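Heads up, the next two complexes both have chain A, just with different partners, chain B and then chain C.
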Partner chain A sequence: MDNDTSERLRRLRGAVPAKRHNARTVAALTGNPGCARRAVLDAAGVDKEQLARHVGFPAKFGQSQFAITRGNAFEAQVKANAFAELIRLLRETLELELNEVGQTDLEEVGGNTSQEMRHIRSRQKLTGAAADGESTFFDHPLLTLDVGGNTVYLEPDLVAFHHNGKFHVVEIKSFAVIDDQADGGKVAAAATQSAVYVLALRRLLGDDDAVSDEVVLVCPKDFSNQPVATKVDVRKQLIVLQHQLSRLSRIEKLVGELPPALTFDLAAGDDGKPTRSAAALTAALAEVEARYAPDCLAKCEMAFFCRKEASGCTATLGINVREELGGVETVAEALGLADGSLIASDSQAEAAAMLRTTAEIYGSVTA
Partner chain B sequence: MTSPAEALERRIDELRAAVRKAVTAGERDRARELRKELRRLEDAWDEALDELADQTERPVKPVPRQAGPLLPLREQVHQALTLLGAPAAPRLIIAVHEAFHVGEIIPARLTSLRRDEERSFRTAPHSRPYYLCPALTADLLAPARGLLAVSTWPMANRVIGPLSPRVDFLISAIRLAGHLDRIPDPSTDARRLLWRFAANIPGAAPSAAAMTPAAVADAAEAELDIHRDSDRSHREAAAKRAREQLDDIEQLFGSRLRGVASTGS
Partner chain C sequence: MAGEANAPLAAMIGSDVAHPTLLFVPQPRNRDMRFEFAASLAEVVLDYVRSRTQRSEVLGNDVVFLEAPQLLVPNRAGAAFVRLLGRSTRFRRTTGLYPVPQRVPTLGRWLTYLAERSEHPGSAAMLAMTEALSMHWASGQSALEDANLAAILGWIDPPDGVTGPEAAIAAEDPLVWPPAGPSTDPSFDNEVLAPAIRAYADSAPDSPRRMHALQTLERELRGQMEPTWRLMWRAVDVLRALPPGDTVEQRWTADRKDFSRYHNYLVMDGRPQARRDGAVVAARRLQTLEREQTLYDATRALDDPLVMANFRVTGEAFEGTVVSVERDRRVTGEKGRRITRPLIVVSTGDPMHLAVGAAVRSPARLGQEATIVEIRRLADSTLVTLELAGGMGRRAAPAPGTVPEEKDDITYTSAFPDAFRTPDLPPTELTPWTHGGPPQPYVPTEDDAREVWE
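Up next is the complex of A and B:
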């Protein structure tokens, strides 16, 4: 990224520190690649949650405290007694040899928990793993990933090193696998998050082949606390993620098209509230095009704002509708085309024909 | 407050004295009257005593739990660690204590225990027969996260190399199995504790119900054979380093790697 662009992004963010990414937010980047608003705000490190609150659309966002506690308790249980349960599971899933039980705790370095220290030590231990062969399990290593010019620290639950020279990312999640089936959305989210770790680990080792593109997902089985391990292929997520990250670093083009004075400065005044008015920020947001989809509600802090903005548009009805009705922007337009009160342009002809047919069938059924 | 029984006792004593006086004074009729009254009171006293016994019988049950061996916390932890024979996490220490002893250990108190032990050693070194101290990591000789050990153990048992967590897990399983074999009627808690080990040792037991301590010990011993030598050499080397490089306090409580910020101020 050149200096102009980083200077430009700094100005967009204003006089506040950049919001740090984590594995979840990096994973969420892959959610809606077409959204320029999200790309710009994320690249600039704007605190989207605060921004959304300030313009009057607070998002009830983030993990519930209960979910976090449950997740931590399950992880502690699986890792208790020298990883006893994990060792059994990974011996089955990864076919670890009996002698592969070495463990390295990377959660602190001699009582020091600073991120820099932990990262240096994680790097040391992980790059040396193949040579010394002492450890098989690396507990909470701290990895880094460059996201749009900012260094993001990432902490996988566990990295396992197999005797054939492959690293496996192990992700411990507390959602249940019932009758060998888990919630598709949750698995997808876990897979994307793990893909972020795989990518970070590959960058750290400088060797793509050293890290398996299959991650191990450890979840509770059925309605018990008994853990069960499953391999999940994250190749697809990796491709999307890599594309998305390379796109972030090509943010120049997006930023270049914005008015030069644009800023989302949230700097607080004496009363602790942002000095700029909500109206000014709303106007600034309108300068950057969003691409709202119902999916956003689960992934992006700005979603409620964008949904309001997009009300009456076909996009709010979901990606499927948006794609079926290519060229038809609003719901009113679609209804007009359906009852024949609007004449379709060339680009709308196909969608218009489909709308008319649907209207006829619907009319004949309800008549 | 005097209980009815006490009041009756006093009245009985008075009556007895009165009976004696009446007999010695030759007042036969009065003596007979008083004796009748005395017998009535004695029956009432018996009844009051039975009632008293009923009242105290009910709260008798929880007494053994409260009264249990009122050992200090550090003694209880020492007992559990001695049974396990290897450094252990607070959670496991509590589980062992609950399986074999009465009373409960409050997890939060274990956290402060380690600090108290270190403070006690610093103010009066070597004044106690043993100290509870953290296990040390083999590479940095720093306190290992969440593992407690006993100061009287050899240095090599108190340092933790990469293989040591698993080795200690297997040693603890063998020790637990041995202990279960010795006690005549192990509690459900105790068997459940051993099962938590057995379930994760290859070939230890087909199911919780079919588990025998001897088979668990054999299976743990078999896996231990694989790791023992490399773990031992690693730990011995680290222990040697610790004895050479660390002072008395650090040998027990570990050396801490301080951040630049904290040494700079």
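Up next is the complex of A and C:
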């Protein structure tokens, strides 16, 4: 990224520190890749949650403490007794010939928990293992990934290394696998998140082949606390992720098209509230094009704002509606084409014909 | 409860809007309390199921109950929860480790039954209310937003002085309309539920503090569920205001028959449903579901002109005017006999996407087969020639009124009740050895019964 662009991104963010990404937010980058607004805000490190709240459309992404407690308890249980349970599981799932497994706790480094230090140590240990080929587990290594020019620290639950094999990312999740089936949405989210770790680990080792594109998901079995391990292929997620990350680093073009003075500065005044008015920030947001879809509600902090902005647009009805009505942007336009009061442009011809037929047939029935 | 696989926290259930039963678990992680919850729920559900078996009729060779149970839940996730609750209770036993009252495994079988039955197209045994509403109303929001009961009902039936869109937006505030479950609102969990559960857990049994904690929990959980309880009944009212379709009765009879069958099975055999279907059972089930789907789509289109309109838009049906009739046409059939096969030509403006050779039926004359033999596309209409067979009486010449006449308005559809024809699978007991032989019924193991529910 050139200096100009970094400078522009700094200005877009204003006088506040960049919002820190984590695996979940990096994974979220792959949702709605066509949205320029999101790409710009993320690349600039703007705190979208605070921004949404300030302009009057707070996101509703709470997490229940019960879920957090349960997640932590399950992870602790899986790792208890020097990973005994986990070793058994991995032996079965990965067919690892693990007899003795070394273990390196990378959570803390002699009381010095600076991320920089932890990352350096993780890197030493991981590259060392690749060199001398001992089977081992790395507990909470700290990896990094470049996201739009910013270094993001990432902390997978566990990385397993097998002497004549590869590194495997292991994710411990507390959603249940019941009669060999789990919630598809949760599995997909876990797969994307694990793909972020795989990518970070590959970049760290500088060797794609060293890290398996099959990750291991460890979940509770049925209604118990017994863990069960499943291999998940994340090749598809990796492709999407890499595409989106390279798009972020090619942010120059998007940024270059924005007004030079544009900023989303959320710097607080003496009262702790952002000094810039909600109206000013709303106007700033309008300068960057969004691409709202109902999916955003589950994935992006700006969703309620963008939904309001898109009201009256066919896109708010869902991706399939938007696609079926290709070229017809608003509901008013759709109605006009349906009753013939609007003339269709070339790109709308197909959708317009369908709208007219639908209006005629439904009209004849309800009349 | 959040984070747990199917740990029930609370339920509001009943068949009278004024008298719901509130059940709740003060400590959802406690196994004994979970089974107590299941036992209390079983009382309500099994009482209700029993009440449906009081009167019966004879249909063919079967005795069929006049009523069947129907479970209404707010949304799809609620239905999934019922299925899991059935799964986690149906293998339990009255003896051994963690014994439970007999009604707990019986509840499990019934909940599993209802969940499985609800997958059959056209069944009303268990309905997710959001889906029942979406079937009859199109809102101006996305499917994702329609999955919120308060939002879709706000759109359909807004309170006085508020527009549908406004009501739908207001419905998204969890403080006004708590989520319809099974997930709770995370801030309710953190700010209200967690302290209340802690207060319960930290108090001595039977102490005044414990009584107080229980009261708090009950009050707060009631507050979270009551709005949805009222919404459910409002939705029932809104749906009941619609005129029933002609074929609803037929579908409900199918539900009653199946309910009676399963009731008998529980009396005669009573083993719980398998953890997972074997290949043969699964294949059969898939075929049944496909056939039922075709039947359901077709009969709904017969009931409701708006459903038929959708088939016309997609080109699977067409409506038009009869422009010519060759009433007494006779051809030589396969066996060399002369048979009556009238031809009619229908002119339609609909975007017809059927091909020559397609079998269609007219809803007004379902007993008469029609085959498309020619299609001529004109500038602004299509001429469809159809050959008719059957439904014309026994004589050589068609009986009066059995063949459409010129200028008749007529609809033909490729989706009709017996359109789905596949070779029948052999009866289960004749499953060939290549397919593993006749499937053995699932015999639950000791482990199933003792399965931990943590």
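The rule is simple: the second predicted complex is superposed on the first by the 352 of 367 C-alpha atoms of A that agree within 3 Å, B and C clash if a C-alpha of one lies under 4 Å from a C-alpha of the other, contacts with A are read in each partner's own complex, and residues count from 1 in each chain.
As a convention for this text, contacts are C-beta pairs under 8 Å (C-beta built on N, C-alpha and C of every residue); 3 or more make two chains touch, one makes a residue touch a chain.
Worth saying up front: this structure is predicted, and the values here are computed from it rather than measured.
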Would you sort A:Ser114 into first (chain B), second (chain C), both or neither based on which partner it touches?
first
Per residue count on chain A, the busier partner among chain B and chain C is C
Please work out whether A:Thr104 is in contact with chain B alone, chain C alone, both, or neither, and reply first, second, both or neither.
first
What is the contact status of A:Thr366 with respect to chain B (first) and chain C (second): first, second, both, or neither?
second
Looking at A:Asn81, would you say it contacts chain B, chain C, both, or neither? Reply first, second, both or neither.
first
Classify the contacts of A:Ser345 with the two partner chains as first (chain B alone), second (chain C alone), both, or neither.
neither
In their shared complex, chain C is touched by residues of chain A numbered 60, 62-71, 174-176, 178-180, 220, 222-226, 294-295, 297-298, 316-318, 321, 331, 354, 357-358, 360-362, 364-366
Applying the document's contact rule, which stretches of chain B touch chain A when the two form their complex?
89, 91-92, 137, 140, 142-145, 161-163, 165-166, 168-169, 196-197, 199-200, 202, 223, 226-227, 234, 254-259
Would you mind writing out the residues of chain C in touch with chain A in their complex?
1-6, 84, 87-88, 140-145, 172, 174, 184-187, 189-190, 193-194, 275-276, 305-306, 308-309, 312-313, 319, 349-351, 451-454
Spell out the residues on chain A that touch chain B in their complex, using ranges where they run on.
76, 80-85, 87-88, 91, 98-99, 101-105, 107-112, 114, 117, 134-135
